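So, here come the structures, one by one.
What follows is chain A paired twice: with chain B in the first complex and chain C in the second.
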Partner chain A sequence: MQFFGGSEISPSPPVPTASGNNAHMMYVFNRNGVCLLYKEWNRPLHTLNPQQDHKLMFGLLFSLKSLTAKMDPVNADKGNLGVPQLPGQGCSFHSFRTNTYKLSFMETPSGIKIILVTHPKTGDLRESLKYIYSLYVEYVVKNPIYSPGSPIKSELFNTALDQYVRSIS
Partner chain B sequence: MDTNDSLRVASLWHSMHAISQQLSPVNGCSGIELLEADTFDLHCFQSLPGTKFFVVCEPGTPHMESLLRYIYELYTDYVLKNPFYEIEMPIRCELFDINLTQAVQSDRVALLGR
Partner chain C sequence: MAPVGPRSGDAIFSSIDRVNAELFTLTYGAIVRQLLTDLEEVEEVNKQLDQMGYNIGIRLIDEFLAKSGVSRCVDFKETAEMIAKVGFKMFLGVTASVTSWDADGTCCSIILEDNPLVDFVELPDTCQGLYYCNVLSGVIRGALEMVSMKIEVTWTRDVLRGDDAYELQVKLLKQVAEEYPYKDDE
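Let's look at the complex of A and B:
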């Protein structure tokens, strides 16, 4: 799967499919499972405390990735279930939907996982997630004060992210 | 994929389904209905007693939910109403297999022979 398609440094944001405040929450994890960012826009129900919630989310995604790699009808060679997959190795899922929410997921080759939880009728958010990753690169990675593996505290990043997410469906 | 792997995948799916309900931002979540991956889609149907039926198909295949509902009907007719079938055991009912294959084949023909 080709990750960096164009030659532009900052691709322009994809056109929003509908207006409205559709996003519930967003997580960003690094390859070790550290939650770098958690943003909440609309979450009426809190089942667990934040630490447990992050761990559960990371665990769910890890296992789902393992399951999709195993269930893949196309690839002949599959590892055993439960073996950690390298980013980009094997088939990976990009979204799942329940009756109350839709979770869109993207993993970069460096192991950064971006998760966006939205309304179930939301369309394909892969391009939006790529744009969010480019925002992350611009505002967080290129910040000389930021140390990788620590939670993101950049105001500029938060503002730009907030603005962008509110503008997509 | 052999029987052991199928069992592992099924039990993993069952737990993932339950965890996805826990992580819902809103009340009333009934678990994963559709999982979209790069090379396949996975549709899941949960019946009232909690039995889950899932089907793996090409990305973007339509009408999978109605197929799953039909398979559930076949399950109740040929498996549950079979007096020799033990609940929770692997299904080895010939009529169920025949009808299932027929349903999937007719579905495939209907979709391809548009």
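Let's look at the complex of A and C:
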């Protein structure tokens, strides 16, 4: 079951600030901008409808990646701002933090982008995102019924993911 | 925490679930056999094997990336080395070697000494045009397409046709960079 909009339809209501659940939302995009998965555990404020929200998130990441690659003081070979980069090439940010949330991001060379929005005091989630990617491979990629590029509807994946994310401190 | 570097093919191969080699060989043989019966034309079978390989490759790339932890390869040379040393080792348990680089670095040959797909196989005279392992060329094509590389794969040597090893020629056609998929007015 995918969660869109209100948390009143979730089977187990998310506990707001208990240490067992720090995650607010999660997005998974593929290389073409299709939102494969959107999961929400604790999101009190909704400002946009889901379509616009996904586009905004994807656009944000795309721009941030271009910006970070261009501003790189170390790497000699940089394209101009706005020139499309290959996924994984150039330096890329892995998280940003505001006073109300922290957004952690991982992109694979195959273009799969995993975004996890959590409580601002969360530590480095890069290993967790790698583990989530391996869950994606196990439950989604290896499922012959799943057609690549379409939204994920696997119960097993959702359950495993839910269990894992709730255990991230 | 320092990021973990990419794991070697041997390490990954020993840590993942494996299937009985004979079962694998016989299953693949049954598939080729069935395709020959259904399609009858050897060229058609070659195309189907390539297509099947392509569908496998587009999924296999994610498993490869997740299990090996490699980040993007810097150039095509590194990519070819990855495929031969880590990829083939991880999924088939055999190590391949990369040779015959051309001047631009866009074309190379991957050589397989042994190949688990073809144990116990001999091609009869009626199937002389068949590329028995064509699924492998599809897999490489599909996997590299998902990392933005368009390639062309051809078989230059094939043991079932009388040569001494399996040689795949892999040619990089172009790298397709990602573009922003949404139009501004949508």
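Following the convention adopted for this analysis, the second predicted complex is superposed on the first by the 150 of 169 C-alpha atoms of A that agree within 3 Å, B and C clash if a C-alpha of one lies under 4 Å from a C-alpha of the other, contacts with A are read in each partner's own complex, and residues count from 1 in each chain.
Here is the rule we use: a residue touches a chain if its C-beta (ideal position, glycine included) is under 8 Å from a C-beta of that chain, and two chains touch if they have at least 3 such contacts.
As the structure is a computational prediction, the values presented were derived from the model and not from experiment.
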- Side-by-side fit of chain B and chain C on chain A, or clash: fit
- Per the overlay, which chain contacts more chain A residues, chain B or chain C? B
- Query: Which partner does A:73 reach: the first (chain B), the second (chain C), both, or neither?
  - Reply: first
- Task: Kindly classify A:91 by the partners it touches after superposition: chain B alone (first), chain C alone (second), both, or neither?
- Result: first
- Tell me which partner A:134 touches in the superposition: chain B (first), chain C (second), both or neither. second
- Task: Have a look at where A:110 lands relative to chain B and chain C in the superposition and call it first, second, both or neither.
- Result: second
- Task: Considering only the touch criterion stated at the top, classify A:59 as touching first (chain B), second (chain C), both, or neither.
- Result: both
- Report for A:47: first if it touches chain B alone, second if chain C alone, otherwise both or neither. first
- Message: Is A:101 touching anything from chain B or chain C once the two structures are fitted on A? First, second, both or neither.
- Response: first
- Query: Between chain B and chain C, what minimal C-alpha to C-alpha distance in angstrom results from the superposition?
  - Reply: 11
- Item | On chain A, positions contacted by chain B and by chain C | 59
- chain B-facing residues of chain A, complex: 1, 24-25, 42-45, 47-48, 53, 56-57, 59-60, 63-64, 66-68, 70-75, 81, 91-101, 103, 117
- The chain A residues in contact with chain C across the complex are 31-33, 55, 58-59, 62, 83-89, 108-112, 124, 126-127, 130, 133-134, 136-137, 141-142, 148
- Query: Across the complex, what residues on chain B touch chain A?
  - Reply: 1, 5, 8-9, 12-13, 15-16, 19-40, 42, 56
- Task: Show which residues of chain C lie in contact with chain A when the two form their complex.
- Result: 1, 3, 58-59, 61-63, 65-67, 69-73, 146-148, 175, 177-182, 186
